[in-house]
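Take a look at the following structure, please.
Labels run A, B and C following the written order; every chain starts at residue 1.
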Amino acid sequence: MRKFSALIVFLFLFVVGFSGIAMSKEAPKYIKVGTLYASSGPFAKPSTAEFKGLNFWVHYVNSKGGVYVKAFHKRIPVKLVAYDDQSSTATATTLYNQLITQDHVNILVADFGSVLTSVAVPLAKVHKILLFDVTGTGSKFFTPDNPYIVLCSLPTSGRWPYTLADFIISEKINRIAIVYSSNDFDQSQAVTLHNKLKKAGVDIVYYHAVPSNTSNYSIILHNIKAKNPNAVIEFGYPNNDIAFLQNLESSGLKFNMVFTVFPGQLFKLLKANVGVKALSYGYTYPTPPLLRYNKVNLGMGIDKFEKEFEKYSGKTPNFLNIAGYNVGLIIQKTLETSKKFNQLAFRKAIAGFSGKAFTLDGLFKVNKEGAQIGEMLPVAQFVPRGQGLKMNIVYPPSMKTAKAVYPAP
Amino acid sequence: MLSYALIGGIMYGLYFGLVGMGLNLIFGVMRMINLAHGDFIMLGAFLTYWLYYLFGFNPLIVIPISIVVFLVFGFLMYYVFVPKLLHSKDPEMLSFILFFGVSQVIEAIIILFFGNNQISVPSTIFAKLFNVSTFTLFGNTFPISWLVVSVACIVAFVLIYVYFFYTKLGYATRAIMANRHEALVSGIDVNKVSAIAFGVGIAAASLAGVMGFFMIGAAFPSMGTDLTTISFTIIVLGALGNPLGTVIGGLIYGVAIMLMQTYFSSWTNVLPYLLLIFVILIKPEGLLGKAVRNV
Amino acid sequence: MYRKKGIIYGLGITLLVIVLFIFLPNIYNNTSFLFNLMLYMALAEGLNIIYGFTGYLPFGYVGFFGAGAYSAALAILFLHFPPLIAVLVGGIGAFLIGIIFIPLLKLSGAYFAIANLAASQALYYIVANPNLEKITQGPYGISLANIYNPQVSYYVMLSILAFSMVTVIFIRFSDYGLALLSIKEDRVSASLAGINVPRERSIAWGLSSFIAGLSGGVYAWYVAVFYPTTVFSLEISVFVIVFVLFGGIGTLVGPLIGSLVLYSFYNFIGISTPQYFQLSYGLLIIIFALFIPNGILSIFEKRGIHVP
């Protein structure tokens, strides 16, 4: 009990001490960047990966003496304040509030994904602090009356299948089967794709939702086969994609085209779980590092980033590491260009470089509501090469590296 | 489509019979809800993965290893926790939170040591071993791994049956299940017999983990909670406290899931729970249970 | 005499809690923490009514919470009710669900716990189902950003907490509470003694679900944006049960202390040493279950200090 009260007193002093610093008008000693991550629970894997990317950015800018803050005309080191929300939204609410009201962070960065971002949106709005949303693509977050949110690393999920739909239409593939997990992220993609294809007169022969924790697709695959489609599109979370591809391989069924979401984002994870053969001739949305953006005007290009990140963490980066780093870059650019050191000035600065900044994650462009519209996700196909896989971008024509192998052999 | 769903559902259901088995055994003997049940399934899966990647062990070889390891583990765990719990005022409820703590600790340790990743052994490992990738039953083609898992489950059920009805130990176990106090009075070493049953329960859970890759996809540290919930459903559908009734519960669950996936895929998750409430209201002792409870 | 004293003490404690939560935001302005603390305290008292006094363990207690959150949100979105009334609708919604679940009370022990769990899961999957998107918005979740008001909802939460405490005081020190406890001890002799068993326990069940529903309603208002997984998370059930058991069941103060100690601990280790968070929390629960099985209050009781 004594220890506990000591802890409270300590925390109290800590808070008072830091709020004192934040209150002062002069340049702060540190730029405090506050964020949450999940070390356990369903979002732990992507969340920690994203967090690591952000950590890398902090490490990197601090090794250069900090980030340049235009409002104070000097470089200021970055200090990361991060708490563990255990994938729980209730805990996340408390901890976001901790960051805002106790730690008085200068920059607020959301945790991974829509669910853990959701609780931060109204909090940020009411406390008038700009929320740097990393991958929370939920459509409900972006409203005209809320200037306090910017989506940094992915387009809102409803926009994801735009190129996929165009690809299917341009290849004149008919008879499409769509199976999706019933959550915000996957359903919005399925709805977009369904509507776009319907409009173009493409036959959709199977269109069903399955629960998000579906772990066996054998029967579903069999039912899909009974409709004899040319292309099977599966929208799911990583778990769903893994189970789907595993079941597809062991079932011995063949389709001309199979599309899944996550091989393009978590290639190594998917490859380790389902193997090379199950991914061969499959389609996905490629994201960096599979997409190689080296012509950038903000931060490192992908080649350099991979090298530096490996030095830092001993691991090759995945997409979520890049998303975490990318949000750091947006913060950096914001501070570099914002004339004043306040939240609305930050938002204004972002509007200023939106559409002009090009990072290893692609073009950064947000609309008035803060939603990402610059990045778009091409369509790629994996083809076997030697023992491994090669990824070809097959659509849109402007980025195309090879013609799609359709139908799959 | 119907026959495919039915046959697939039976095989899927056999596996889920195994998933619920350990929970039911422990409940039957100790009247305790092992909230960490799903975490032991997860541990079985991680052991399989680990042995596969370090030594290239086929899951079939991992089966005996995991049975021995978890039998001993469960046996020891019984002595650490259960006798003390049984002395408390309300063991049924207290065990509930104790095992919640155990489940948290197991998940945390796995994350600390193995990281928070999805892991799998290749789904085609049996296809390579037996050199056939699918088999056909009444005109329906299924992956070979389903057959292997089904056979393994049936063998496990037969062994548990033999343990219960053809061994002295099983006789003593059943006596404790019927009435712990009377068993004690009649000279049975209740603690030792219960500890073994506890070990068997944990081992059965780990076995479900070994086989899990082929039925429920990749394994990950936080998979336990969901599996525990599903196991509850299954054991109540079958017969709470009667381990062999679990098989029936598993089969109902498996067939119901497959039928739902075929005809109303988005409602798949609701059905087992509605089924459960329905069964529990008309026949709370489970479909196979004897009407011994005064409700 | 004992009763009168108990009621006075109990009301005194309630007053103390109210005053405390009114003043705390001035010294510690992470109001979300305070809000969640009150939320768990209210839920713990609500669960205490059914579990502490009748022995029914509602494993799926979160079902009422979620039902309350969704009832309130739908009342706001479709009927344009003011938030305060919507919170009440949340309570009523959960209460109605409670009435539907009354047949479950025919079950005992683990059967009841599991059936209740299943009921809450079924509710969750129905609410989250994409086919009901037009009504519940399915997996897309709810946004009440227009009426977001953390200040007012904070005080509404406080009044719900006070309400739940007063309810527990009433039950604990009334004939009704005695009747419930006698049912808990022995159902058959209670009914022989002229107690209407089904009625009494249904009332407790209704009160318990009503409190969870109110809490869910105000939670929906407080967070403003939420998903079905947020308000039907089994974690909430488990937390509340653990808090109540930790403090001591069947008392007024036990659930409060359980929530205060464990939820604070949960938050502060999350902030100070996040990497061992889950591990230390799990170990704490194991140690407590083994060595202080009847709750913190049992330590006082053993020394002859009676706590309301």
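Rule of thumb we're sticking to: contacts are C-beta pairs under 8 Å (C-beta built on N, C-alpha and C of every residue); 3 or more make two chains touch, one makes a residue touch a chain.
Just so you know, these numbers come straight off a predicted model, no measurement behind them.
If you draw each protein chain as a dot and join the dots that touch, every dot ends up joined to every other dot. Chain centres here are means of the Cα atoms, and by that rule the chain farthest away from chain C is A. Inter-chain centre distance (chain A to chain B, centres taken as mean C-alpha positions): 36 Å. Centroid to centroid, with C-alpha atoms defining each point, chain B and chain C lie 31 Å apart. Residues of chain A in contact with two or more other chains: 39-40, 182, 209, 211.
Chain contacts: chain B has residues 107-108, 111, 266, 269 touching two or more partner chains. Touching of two or more other chains is recorded for residues 125, 129-130, 275, 277-278 of chain C.
The residues of chain A lying in touch with chain B in their complex are 39-42, 44-45, 48, 87, 179, 182, 208-211, 213-216, 218-220, 222-223, 226, 238-239, 242-243, 246-247, 249-252, 269, 272-275, 277-278. For chain A in complex with chain C, the residues that touch the partner chain are 4, 7-8, 11-12, 39-40, 82-86, 88-91, 93-98, 101-102, 114-115, 118-119, 121-123, 125-126, 138-141, 143, 146, 182-184, 187-188, 209, 211-212.
Against chain A, in their complex, chain C makes its touches with residues 27-33, 36, 125, 128-130, 138-141, 143, 145, 148, 150, 223-227, 229-230, 233, 235-236, 264-268, 270-272, 274-275, 277-278. Against chain B, in their complex, chain C makes its touches with residues 57, 103-104, 106-111, 113-115, 117-119, 121-122, 125-126, 129-131, 234, 238, 241-242, 245, 275-279, 281-286, 289-290, 293-294.
Residues 27, 31, 33, 81, 84-85, 88-89, 92-98, 100-105, 107-109, 111-112, 225, 229, 232-233, 236, 240, 266-267, 269-270, 273-274, 276-277, 280-281, 284, 293-295 of chain B are the ones touching chain C in the complex.
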